[in-house]
Every structure is written in C-alpha cells, then in structure tokens.
Amino acid sequence: MNMDPQKYLRYLGLPSLFGTHRTKEIFNINPTAPSQREEATEIVITVYDYNADSMEERKFDKVQDCFHYKNNNRINWINIDGLRKADVELVSNQFNIHPLLIEDILSMHQRPKMDEVEGILFCLLNMLYFNEATRTVETEQISIALGKDFVISFQEDASRDVFDPVRNKLRFGNSKIRQRTADYLLYAMLDIIVDNYFQVMEKLGEQVELLEEEVIRRSNTKSLARINQLRKELIVLKRNIAPVRDLINGIIRSESDLLDDRTTKYFKDVYDHIIQAYDLSENYRDMMTSMQDLYINNVNLKLNEVMKVMAIVTCLLAPATVIGGIFGMNFDNIPSIHNKWGFFIAVGLMLLIPIWMLRAFRRRGWF
Amino acid sequence: MNMDPQKYLRYLGLPSLFGTHRTKEIFNINPTAPSQREEATEIVITVYDYNADSMEERKFDKVQDCFHYKNNNRINWINIDGLRKADVELVSNQFNIHPLLIEDILSMHQRPKMDEVEGILFCLLNMLYFNEATRTVETEQISIALGKDFVISFQEDASRDVFDPVRNKLRFGNSKIRQRTADYLLYAMLDIIVDNYFQVMEKLGEQVELLEEEVIRRSNTKSLARINQLRKELIVLKRNIAPVRDLINGIIRSESDLLDDRTTKYFKDVYDHIIQAYDLSENYRDMMTSMQDLYINNVNLKLNEVMKVMAIVTCLLAPATVIGGIFGMNFDNIPSIHNKWGFFIAVGLMLLIPIWMLRAFRRRGWF
Amino acid sequence: MNMDPQKYLRYLGLPSLFGTHRTKEIFNINPTAPSQREEATEIVITVYDYNADSMEERKFDKVQDCFHYKNNNRINWINIDGLRKADVELVSNQFNIHPLLIEDILSMHQRPKMDEVEGILFCLLNMLYFNEATRTVETEQISIALGKDFVISFQEDASRDVFDPVRNKLRFGNSKIRQRTADYLLYAMLDIIVDNYFQVMEKLGEQVELLEEEVIRRSNTKSLARINQLRKELIVLKRNIAPVRDLINGIIRSESDLLDDRTTKYFKDVYDHIIQAYDLSENYRDMMTSMQDLYINNVNLKLNEVMKVMAIVTCLLAPATVIGGIFGMNFDNIPSIHNKWGFFIAVGLMLLIPIWMLRAFRRRGWF
Amino acid sequence: MNMDPQKYLRYLGLPSLFGTHRTKEIFNINPTAPSQREEATEIVITVYDYNADSMEERKFDKVQDCFHYKNNNRINWINIDGLRKADVELVSNQFNIHPLLIEDILSMHQRPKMDEVEGILFCLLNMLYFNEATRTVETEQISIALGKDFVISFQEDASRDVFDPVRNKLRFGNSKIRQRTADYLLYAMLDIIVDNYFQVMEKLGEQVELLEEEVIRRSNTKSLARINQLRKELIVLKRNIAPVRDLINGIIRSESDLLDDRTTKYFKDVYDHIIQAYDLSENYRDMMTSMQDLYINNVNLKLNEVMKVMAIVTCLLAPATVIGGIFGMNFDNIPSIHNKWGFFIAVGLMLLIPIWMLRAFRRRGWF
Amino acid sequence: MNMDPQKYLRYLGLPSLFGTHRTKEIFNINPTAPSQREEATEIVITVYDYNADSMEERKFDKVQDCFHYKNNNRINWINIDGLRKADVELVSNQFNIHPLLIEDILSMHQRPKMDEVEGILFCLLNMLYFNEATRTVETEQISIALGKDFVISFQEDASRDVFDPVRNKLRFGNSKIRQRTADYLLYAMLDIIVDNYFQVMEKLGEQVELLEEEVIRRSNTKSLARINQLRKELIVLKRNIAPVRDLINGIIRSESDLLDDRTTKYFKDVYDHIIQAYDLSENYRDMMTSMQDLYINNVNLKLNEVMKVMAIVTCLLAPATVIGGIFGMNFDNIPSIHNKWGFFIAVGLMLLIPIWMLRAFRRRGWF
C-alpha cells in the first residue's frame, strides 16, 4: 500500500533504483582535464601491413617496434589498445601527429570531432556498447589518424572493439579494402562504428518496449525510476551520435589529398546511416515523452478510481448514518419506534436508498 | 467502476489495447543488418519496353530474361517484385548499379534517400499503406534506379504497389509518359507514391477524428491507449515523409545528364505535394497534443465532479451526524428529550440545515 | 453539479460543442485528388481591359468571349469566378498556362505556392473569411496567373472575394495601377488578400479575448470545448499564412521579365505585412498556451477549494463523532452521565473544539 | 476559504485582475488599416540645423516652415511630434519620401522594419515605456527617414520621447555627432532607443522578481492573474525587440551611399545591445515558465497538505466510530458492558489507537 | 505535517530558500548604463614583456608606467586588475583602442562579443567561478584587446582570475607561448577561460546530482526551491557560454593581420571545447526538465498513497457505521437483539466485512 519512493529506496537500495550515480558519470565530465585519465597498465600494438598482394599481421608491446613501418610503401594500420601518455607522444611524434591532436587522444569525454592538421586527417569518436547487466550505454573513445599510407587508431580499452569484420576483410586478398588506399580503411572503420550504433539502439529499443509494458501494467515508483534512467541513457546516446554527423560530413566536404575521390560515395553511405541513427534517437525521445504522459495519465486514472470508490462508499453510508442517527436518539417520543415493522422499514431504507443511488451513479457513467 | 488499466488489459488482451508489439516494430530497427531480410520465395519481373510509337509489356520469373533490353534504344521500365540477394546482384551488375546501392536495395528500414553513383540516379523510399484492420501504417520499401533509357524498380512485396495509374498511362501511346525520356517515368512513379501518402493521411485523419469524439465522450483507459497508438503511427508517418523532401529536392537540384530540363517543373510539382504532406503531418502532431490536453482536462473535470459530490454529501451528512450524536448520548439530563416535539425538531434540523447548505453551494457556483 | 462532458454533449448536441466535424474538414484533406472538386454550376468572367488612358469593364458567361483580349496591347485582368474543368483548360490553353498549373488551379486544399512555368508567373493562395455564425475561418482558393500584359485569376466561389478596392482603383484613370504594368496589378491583388488576413485575425483576436474572459469566469466543459475549437482555427490560420511568406519572397527574388524593377518595393511592402501576420499568429498560439494553462490552474484551484471545504467539515465533525460515540455507548458505568451538566459539557465540547480548529486553520492560511 | 476566481473577480473587478482588456489591445491589431489612426490635434516640428561649427535649434507648428532647410549644405534633424496625414504627406513629398513609406509612417502597430526606397533609408520601430501605474509596456511608434544630409523623424506622441541625450550632444560643438554625417545622427537615435529597451526590461525584471516572491508566498488567484498579465507584457516586449535585430543588421549590411563606412562600427555596437536585449527577453520567458511550474507545484503541495490532514483525521476518528458503534448497539447481551472499567477501556482504546496511528504516520514520513 | 511554503519561508528565511534576490541579480541588468559600475579603489598593472629569449615580469600601480612598453619590439601582456574610467581611457588612448571599445570595457553585464575596430581585435567575455557557499555561478568580466605585439586585458576583480597556468608557461623560455606571436597569447588566455567553464559545470553537475537524490528522497518545498534555484544558475551559465561560440568562431573566420595562420588550429581547439560546453549545458537543461517531472510525479504518487489510505479506512469503517447504526436504533422490536449471540455476530460482521474488503483491494492491486 505504501508507494512512498523513500521507502522503496530504503528497501531496494537507492543507487540501483533511480541511478543517481549514473547522473554523476553523465554530467560531471570535463574534457579539458587530461590528468583524469589513468595510465593503461599495458598496451597492445597490432599492425596490419598490407597491399593488394600481401598482408602481414603483427602484435607488439612496445610502440617503437612499429616505427619502421613508416614509409615502407605499403599501407599500415597501427592499432594501439590502451592509452599511455608517453607512448601516445612517441608514436605521434614519429608519425607527425600534432600536439593538439595528442591532447585530444589523451582527453576523456571529448565531443566527437574531425580535424585536418598538418597532413593528418584526424577523427575522434566513441564506440558504443550496451551493458546488459546495468542496462546502460557504455562508451569507448577511439581516435583515428589518417596519414599518407597509414591509419593509426588509439583505443581506450584493450579488451574490446568493433573492428573484427574489418580485420576479416583485411585477411582476404580480393576484398575491396586491400585494393584501395588508406582512406578506404578509414571508411571501413567508421562504417562499422556507425553500424554498431544501431545495435546499441536496438538494445535500447527493447528497453523502451519493456518499459512501455511496465508503465501500462504498473505505473509505480519503479517504472518512474526506469523512465528517469532511460531518459539519461538517451542523453548519452544522442550526445555521442549527433556530432558524428558533422564528423562524416566534414570528411565528405574535405578537399584533403589523403582522400581518394572514389571513396566519397562510401563516406556518403556512412552519412546516410548516421543521419538515420540520429533520426531514430529523436524518435526514441518522442517515445519517452509519450511514456511520461502515459505514466502520469495512468497515475491520474488510478487516483480517479480510488476517489470514485471513496465517493461511492461515502454516499452509500449516508442513509445508514442519517437513519441510524435519527432513530438512535434518546427522545421519549419517537414516532413508529414502537411499531412492529419500524425497524425493518428503517433498515430497508438504509439498504434501498444506496441501491437506488448506485443505479443513478451507473447511469451517470461513473463506473 | 474499475478503470484500472491492468484489469482492462487482462480482460481485453494487452497487445491489442496499447499495442506494445507495435513499439517493437517501430523502434527495434537496424538498417545496417542486411541479413535480417528474408529471401523472397518467388519474384516477378515485369518489363515495359516503350517509345512514343509502341509499348511491349512482358512478365518473367528469371532476371536474366530482362538483360537483353539493355541498350535496345527504347525506354525500359523493369519492375522486380520480391527481393532475392542473388537476383538483385545479377540485375545490378548487368545494369551497372554500384554495390553500395545493392546494399541499400537489400537493406530493411532504410531512411528514404537519393544518390547519384556512377551514372545511376538512385531513389529509395517507402510506399505507405493503411491497414484498416490493425489501424496501422504499413510500409513497403521501393528502390528506383534511373539509368540511361531505363528505370529499374525493386519492391519488397509482390502482392501490391501503387503504380497502376502509371501502367495505365504507359499503355496510351499519346500519354506524356510515352513521349518523354526515362526521367519522366521516374517522375510519374514518385508522383504517385507521394499522392498516395495523402490517401494514407486521410485514413489517419479519420482515426484522429474518431479518437477526438471518443476522448470527448469517454476519456478512459481505452481512449488513452488509442492516443498512445496514434502517436506511434504518426512517428511512422513522419519519418517516412520528412526525408522524401530532401530526396525530391536532391533531384531538382541535381545536374545529372539523366534528367531532362523539361522534367524539372514536374519534380517541383511533386515537391509542392511532399512539402504539404509534411506540413499536414505537423498539423496532426499539434492535433494529438490538443487531444492529450483534452484527455487530461476531461479526467480532471471528472475527478472534480466526483470530489464535489463527495464534499456535498459529507456536508449534508454533517447535521445528522452531529444532532444524532448529541441526542444519542446516554446522559440522564438531556434537555427537550422528554419534549413531545423534540424528535421532530431534531429531525427537522437534520433536513433543513442540508437544504440551506445546498442552496449556499449553488450560489457559490459549485453545481 | 454534473460537469460530465458526456452529459453536456448529450443535451447541447455534441457537434456544436467540441466541433469534431471541423476536425474532419481540417485534417481529412487530400490536395492530390482533383476529382473531389464539384463542378461550378455557373461561372462569371469579368474582364478589366485597361491602359493609362482608358478602362473597359465587361462581364461574360462563356470563357471564349475573353480570348480576343489576348495580345491587344492593353493590360487585361480576366477574373473567372467558379471553377469548371473544361473552362479552366480552355482559358489556360489559350493563354499558355501549363497543364501542371491547370492541375493546381483545379486542386483543392493546395498549400499556397508560387511558380514560374514557361512564361507564366503563377500564385496560388487562399483568401480567408471569418464566418461569424460558426466562428470558423473559411478559405477560398484563388489562383493568379501573371503573363505578358495580362493577369488571370481563378476563384472558387463566385459570391465573394476581397478585390473591391482593386476594382475601384482600376476605375480611376490616375491611380497608380492604371499607370503601371500588369505586375503592379498582381501586387495590388496580393496586397489586398494579405491585408484581409489581418481582418480575419482581428476577428479571431476578439474570440481569443472573449474566450479568456470565459475561461477566467467559468473554466468548465464549455470553455474547454472553446479552447479546443480555437486551437483548430489557429491551425487553419497558420497553415494558410505561413507559406505565403515564401510565395511573396519568391516573387521578390524572382528574375522574371514579367516583373518590373519598380514594383519590387511594393512586393516588399506586402512582405512586411505577411511577416507581421505570421508573427501575430505565433502570438495567438502563445496566448492559447497561456489560456490552456489558465484553464488547468483554475480547475485545480476549484478542486483545492472543494477539498478544503471537505477537509474542514470532516475536522469539524470529528468532536461530535467522538464525543457522541463515547457517551452513546451502553456501558452501565459511564462517568458524569448522571451529572446534571454532563450533557451540556459534552455538547459544549462538540461546539468549542470545532471553533478552536477553525481558528487554527485560519491562522494556517487555509481560507 | 473561497478561492473561486469568479468571486474574486466579482469583488475586485474583473478587468483589473486578469487584464482581458489588455488582451484586446495586444491581439486585435491591424497594421494595414491606416484609417484607425486618429489625427493629432496639434503637431510640433523641431529642427536641429547643424554642422561642426554651429547649431541652430528651432520650433515650428507648420510643416512648411521647415522646407527651406532642404539642401542648405548643413545637416538637419527635423523631428515631427504628432501625426497628421496631410502634414506627413506634405513633408514627405518635399523630401522625396516614397508613398509606401508615408503609408508606413501613418500605420499603427506596424512591425519594426528598415527599408531603402529611392534615396531614403527608412527605419520604423517602437520606443518602449513602462507604465508604472498599469504595470504595462507602452509603445510609441517612431519612423526615421535618413536622406542626403537630413534625418526626419515622425513620432506619434508629442508629450514624450527618449531623445534628450541626443539633443544634449547636439548642443556641444565638439561632440562626435556634430563632426559627423547625418547617418551618425541616425545611429545616435537608434542607440538611445535600444538603450531604453533595457530600462523597460529592468522594470519588467522587477515585476518578475516581485511576482516570484508573490507566487512563493501565496499561489492564489491573484498571483495566477499576475503571471497571466506578465506573460502578455513579455509578448509585447518580444515582438517589439525581435524585429529590431533585422533592422539594425539591415543597416550594417546595406551598401547605401547614405551610410559612411566609419559609422558601421557604431551600428555594430547597437547590434550587440539589441542581440543582448533579445537574449534577455528569452531569459524572461524561461523565468516565466519556471514561475508557472512553481505556481502549479505550490498549489499541488497545498492540496497534498489538505488531503493529509483529512486522511489523518479520518483515520483518527475510525476507532471512535467503530468502538462507539459497537457499544452503542442495543443488544441485551453485550460483554463487559456491566464491567466497572468497560467504559474506560473503550474510551482508552479510542484515544490510544489514534496515538499509535499518528506515530505510525510520522514514521512513514507523512508529516 | 505542514508543508505550506509560506511557513517554511517564515521559519527558514525566505531569501535563502527560493533565492529571489538572485532573480534580481540575474534579471535586472542593463549593459548600457556605464554609470552603474563602481570605480575600483585600487588597480594593479602587471606587465609581461617577452620574446623567445627573455621575459620581464613587472607590477605597477599607475597606468602611465606601462606606456613605454608600446612598440618596444617585444611582445607585451599588460593585465589591468580593477576598472577605473580614467585609467581605462588613458591606456586605451595610448594603445589606440577605440572609444566604443572603452565603453564596452567599462560596461557591466555585457553579452560576450568579439570585434575588430581599427587595428584592434577585441574580445569581451566572462570568467566564471562557482561560489561553494551560495552555490551560485559568479561572473567576472574580462576584456582582451589584441594589437600589434601586445595584449591588454582588463579585469573587474583584482583578487582572482584563471590565468596562473598562462603565467607559468610565460616563465618557461621554451614554452610555445614564448616562441609565438601575440595572438598565441590571446589563444592561451581564451583556452584557459573556456577550460575553466568545465570546472564550473562540474560543480553544477554535482549540484544536479545532489538535487536529484534530494528530489527522489523528499520532493518537498525545499527540493522545489532548489530546482528553482538551479534553473536560474543554468540560465546564467548558458547566457555566458552560448555567445562565446560566436566569439571564437569570429576569430577563426577573421582575416585580421593580427592573427597568424599557424594559430588557427589552436583557436579551433578552443572552439571544440566551447561547443562541447554548450552541448553539456543543454544536457543540464534536459536533466532539469526530467527533475521537474520527477518532482511532480513524486508529489502525485504521495497524494495517491494518502488518498488510498483514506479510501481504505473509509471503506473499512463502513460496516461498523452501518451495523452500529442499525442496532443502535431505539426501536422496540429489533430482531435478534435479545439473542445471546447477536452482539457477537454483529461485531463479527463489523470485522469480517473489512477483512474481506481488504483482500478484494489487494487483489485489485491497490497496495
């Protein structure tokens, strides 16, 4: 009977219900404070050194080991898993990545962006994952530097990424990726990152659907907490997706020599998808507004029901109160009090008047 | 009397009332996952091979049968009903449709788009149908590739489309469509698709009207469910219509050689209509907001009425409670208790005070 | 006492209260279905054939009668009241109006637009009238085709238009309209149509004002219905005004030879007004939002008042209930029951406690 | 106790509380109806005839008296207080102000605008005043025509304007205004008009602040009325400020010969201020939304409090009702009725149960 | 039990609860009234006179002391802490800062802006600080004038600024700031100002998080006041951040000779951050909307709970009222009144009916 949020919170554990710790993660961010980033304990460098004819796949744990790939007349994808300031700076200096971009690579919670600085086309965005356990959207920042015949990618988290399909294509000699220049590799990476956004959105879509059923069925503090949580996840989703539109568009409109004209149509294909991802995130937002309305309406309908029951009971009691009051008075001279049928008439009225009232209410459409 | 949504849902069947399965259809979509599409069990190829002088209409069930139409110096409309990966690829390769466009043709739930890739002007959009039984908006994806002297259209569903008026015009030798180049055929197809949007919107408009009457009359869980459902259908409508504006505008501003200058004014006519369709969908949205407000206001008015009845009954009972309480006490010395008229005066007060109160309430404008 | 909308509707007639039939008129429209238009039973052709020196005013009932005005080296305004497919096509073919424009002229509920097609500058918009009886905004579609030295206007309804001031100016030899080219006549017509929008808005403004008074005074189902109705009329207003901005702007930016440079400043003057008309319609919208809020607030205040009365009565009854209950029990040993003043003390408490409570409530600011 | 708006209105006078007459003033406007303007009973013409060396200040009451200033090789500011159709036309014809601009000068409630017509740069905007008595924003239309070496300003109201600081600067020979061309005078006038907007906004800001305190303290019909009133004043404020941005921007981007390049930076300074004024008016709007929310929240909190009191009293009465009912029955055989302590135990339970309930409520955080 | 805001306010002190004095500070501002600014009692001039080889750091208290740095062929940063009209004018005249910019420097509450006036690139913006005690956002206006080889900054408040990191870098001979031209110093200053916005936002984010917990836990007048306060701080935040986007963008697009091409990428880096700061402020706004909804929903849930308790108690009392009323009547002939078990059956019903009702309510999902 007690729907007091406070009580629920005390019993069920406040953090897991309304997720205020999540608020902290989402809102207390500062992209300009590089010192926040913890140094990775170990880093893994994977190099894909390829041309149309052959592909060599190597793993290193010292960044210096990949320096000799520079200008070897083949295309190199150097993927660095784990961020360590010293290593990022070493690699960047070797491949002429500007200090401002180093700062971006090492920053946390940066807004997705693209930039062209001194011969490097630079993209920073987030890979999204859906954590089934906490039902939250997780992000992993990835920085991609496209240079002449090389792509260097820096990932925060060595344990996961979304690039396996790209790796598989690299291993096939006749895949398009092997026939083309390094910008096509950049395309392939952005494409798979964006495709992955839809997978995260599918998961969120399921949450929206489950929540809708829950709101319809219950509309209590728990569903309220869930609405609140999902709204926060949609903020995370949208702020990671919206700027990627400008990122891809920036590449399409760029006149950099690093971009082959034949690749433009592929970036346009990614652009189609990121636009649709954004539209879908707006649809989710509309849906959450409907849900919020639905919730309030349900709560109001329940209140109405409760009030109706109370009003009806109050009315039905009225005759008993009045008639009982009248004949319970201790006057000497109360008419019909000595009458044999008096009691039965009085009780009959106590019952008949409510029955008549109930029928009147029903006619009025109250229930 | 019980307006608890939960109860209704249990009795009437939850899916049919609030339509959460529809939420799943609308929100859990992923346009980048081509494997989702089931292969069509059979496909039908219809070819309209025409010029101003003659028109040949043929049906095939193997895509190879239409290959010889290529470059036959006549205009060909090759319509392929049913999507099968192998067949789409065969046709596309024959007519130089780029693999990226093949991917689009085979994708599901793609956002409407237009593109020009290597000599092909490509449009992908959805035909809309209104399903009277489920009262939902259904979509069928159609991809149209305009090349030199040919139009190839790929439809998801062999059982229906909106092109019968186009077919009829093709059969008339003196119709404009027969006198003009292939881009006029593209125009004719887009025109009829967009015209059809208005038919779907008319049906939705009827639903809006019926719902308004229902909300005014009842404002219960059922009308709430209906508001929720219609809001979802409007999301479907809008996300299919809004991008078509860019699609048509892209054609108007295109400088492709495939487009005859004389056809531009026709595409502008389609543009007029798609803009109006979009405006109308915005009007629907405003109307749904009004409806939502109306619903809440009605629920509040009803609550007010119930509370008033209860307040009035409570007040009317007050004298009976007080007077009955007073003279029901078992004190020895109660004045006027032995008086002959005592009882009648007490009962009289019990009735007269409420009558006076009722009049006071009425003066205050309570009812 | 019964504020149930349903009851009101049953007694007062549903259609006239919430105006759902109006919803049908506003939302179930399809501009692409020309067959909807009923053929006019009769048409009236009025020709104003003028130059700076003289003006001839003639009326015909056959469209062929006006054909000889073409290329007579004077300026002609051919106004056609009533739309009949065959006649529109005859006139249009004679004056080289493109079939796409014919389709527009014959369409219904078309969005206002301007277009330049093969030597014709074409405007389609709606004249607005305010129907005092139904308190709705009525529209009459007007199509104006400006050609070399002629203006042809097509009106839906022969019984009314807004052009009388234009006609009066045409009759004065020294009016500017007589000194200038045909585009000045187009300006004069658009100017008066837009000026008339303000008259309709003045009427709607009066309705807004009346409604505000009503909402303040009553806030019942009737005022709710009226808010709902006015919101719909504002949708009609806005969708007729908003696109006219683009229409006038299109003329100003057009480089058509039909437009004299000296007339541009006049179209800019119309543009000033249509922008202001649009702003004003936005102000109306804001006002309606305020009104909706006001309504809900009033309903809530009333509910609060009712609840307070009930709470107070409940509290005031409490002592009578308790004391009456105590001394109404049939125990043998009830102290002070045999006391001479017992009854009076009990009744006194029944009255004094409520008086003390009332004062406490008043101190708390309840009433 | 009675918070019925209706009652308040009856006692306090409806017009002064919700200000519906103000709605009329704000919404029933028609800028295209020049006949609405009442002719001024008298007009005052003030001429400032100056160059860097000397300044002559003269007052006339006939417009013809200022005609000889035209082309006197000095700069003239001719300020005309009071609008009379014939006089405006006389002056305008003398100084080559186009009839369209005459129409604007004589119009009422025109949207602020700038225009360049045949050698005249024309600005129309409103000076704003805050009426402390009615707490409303008052407007005075001012039209400023900048020509070669002259500025002519037309004011509606002879009794007030905001130009005293400009006049003072004109009287100083070494002020910048005296050293520069006529466009600098236009700048000085627009600058002081815009500066004055901030003064009006400061007054409105005070009203917002007072209202916030009132809403926090009371949240009754009176504060509701005040919210409603202020929202209307903000509409007036915004519709007078927003278009001035375009006006100033139009001057900055104009390539008119009347504007000296050296003055551009001054107009940019005005532009800074009008942008800020607009931003501030948006902040006011946000604040009013917060206030509206605050109001509703306060009303709801009060309702909650009332309901809690009632619920608590109802609960506290329950034991008395039940126990009193049980032992008030007239059965022969009622246990413990003859017991010496029966009455005291019953009454004790009547008191102890409520005390226990109160403590339970308090633990539940109800109060 | 008393949640009346009024009472709270009386006890806790109104200003500190809803912060209406803050409203005054935020809304009653007038940037065009320079006289508002109090003259600083003392000013401190700090000069950093540097080139790649050496750096001299000096403090003065008379502005004349820094005049000789002009055109000394080294780069000078002249920072003036404390604003005194005479001094600002002296410095400005010496370094050719235009009087319009002097006016800006001396103004209060000016909207952030950038401007190029006669060889000076001028930026005015606010440094933000978070006051932990009052939990408000404080602003300090800073004007920065970039000229040929000098930067002059004017600060309102001598006691604090955010430039310590810049000073530290200046002291290192091999820092980039020492190697570059004066525009790089401007960049360094803007960069640190913008970086500091994130620190303020982090603090506000903590407030948002704390408030969310409070709203979930309590939803009373105090949390309502806090929501109201935070909304005001977000207005301050946004109006200081939003215009800085245009400021930085203006510098990037400027073609001033004062800006070295090599510095553009650095200003773009600042632009990334200010865009993200703006996005984050929008996220805060969305979060506050969620919070407002959460608050209302919680209040409604509590009301529902209270009403349910009351409805249930009312229902449970009904049998006692009716049965007690029936058998409390004083009729002679009441059946079973003399029966030995009559009383027990009656009391049994009084208890059993409520138990049965409670179970029915529980089945209905009421509690």
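Labels A, B, C, D and E are assigned to the chains in the order they are written; within every chain, residues are numbered from 1.
FYI, a contact is a pair of C-beta atoms (placed from the backbone, for glycine too) under 8 Å apart; a residue touches a chain by one contact, two chains touch by 3 or more.
Fair warning: this is a prediction, and the values are worked out from it, not measured in the lab.
**Q** If more than half of the interface residue numbers appear on both sides, call it same; otherwise different. Which is it for chain A and chain B?
**A** The interface is built from different residue numbers on each side, given that under half of them are used by both copies.
**Q** What rotation angle takes the CA atoms of chain D onto those of chain E? Round to the nearest 5 degrees.
**A** 70
**Q** List the centre-to-centre spacing of chain A and chain D in whole Å, with centres computed as mean CA coordinates.
**A** 41
**Q** Using the average of all C-alpha atoms in each chain as its centre, how far is it in Å between chain C and chain D?
**A** Measuring from centre to centre gives 26 Å for this pair.
**Q** Which chain E residues sit where two or more other chains touch them?
**A** 2, 4, 6, 296, 300, 302-303, 307, 309-310, 314, 321, 324-325, 328-330, 334
**Q** Using the touch definition up top, name the residues of chain A that touch chain B in the complex.
**A** Chain A reaches chain B through residues 194-195, 198-199, 201-202, 205-206, 208-209, 212-213, 216-219, 265-266, 268-269, 272-273, 275-276, 279-280, 283-284, 286-287, 290, 293-294, 296-298, 300-305, 307-312, 314-315, 318, 321-322, 324-326, 328-335, 366-367.
**Q** Which residues of chain D touch chain C in the complex?
**A** It is residues 1-6, 9, 14, 18, 20, 23-24, 26-33, 98, 100, 103-104, 110-111, 113, 115, 117-118, 220-221, 224, 228, 231-232, 235, 239, 243, 292, 295-296, 299-300, 302-303, 306-307, 309-310, 313-314, 316-317, 320-321, 323-325, 327-330, 334, 337-343, 346-347, 350 of chain D that touch chain C.
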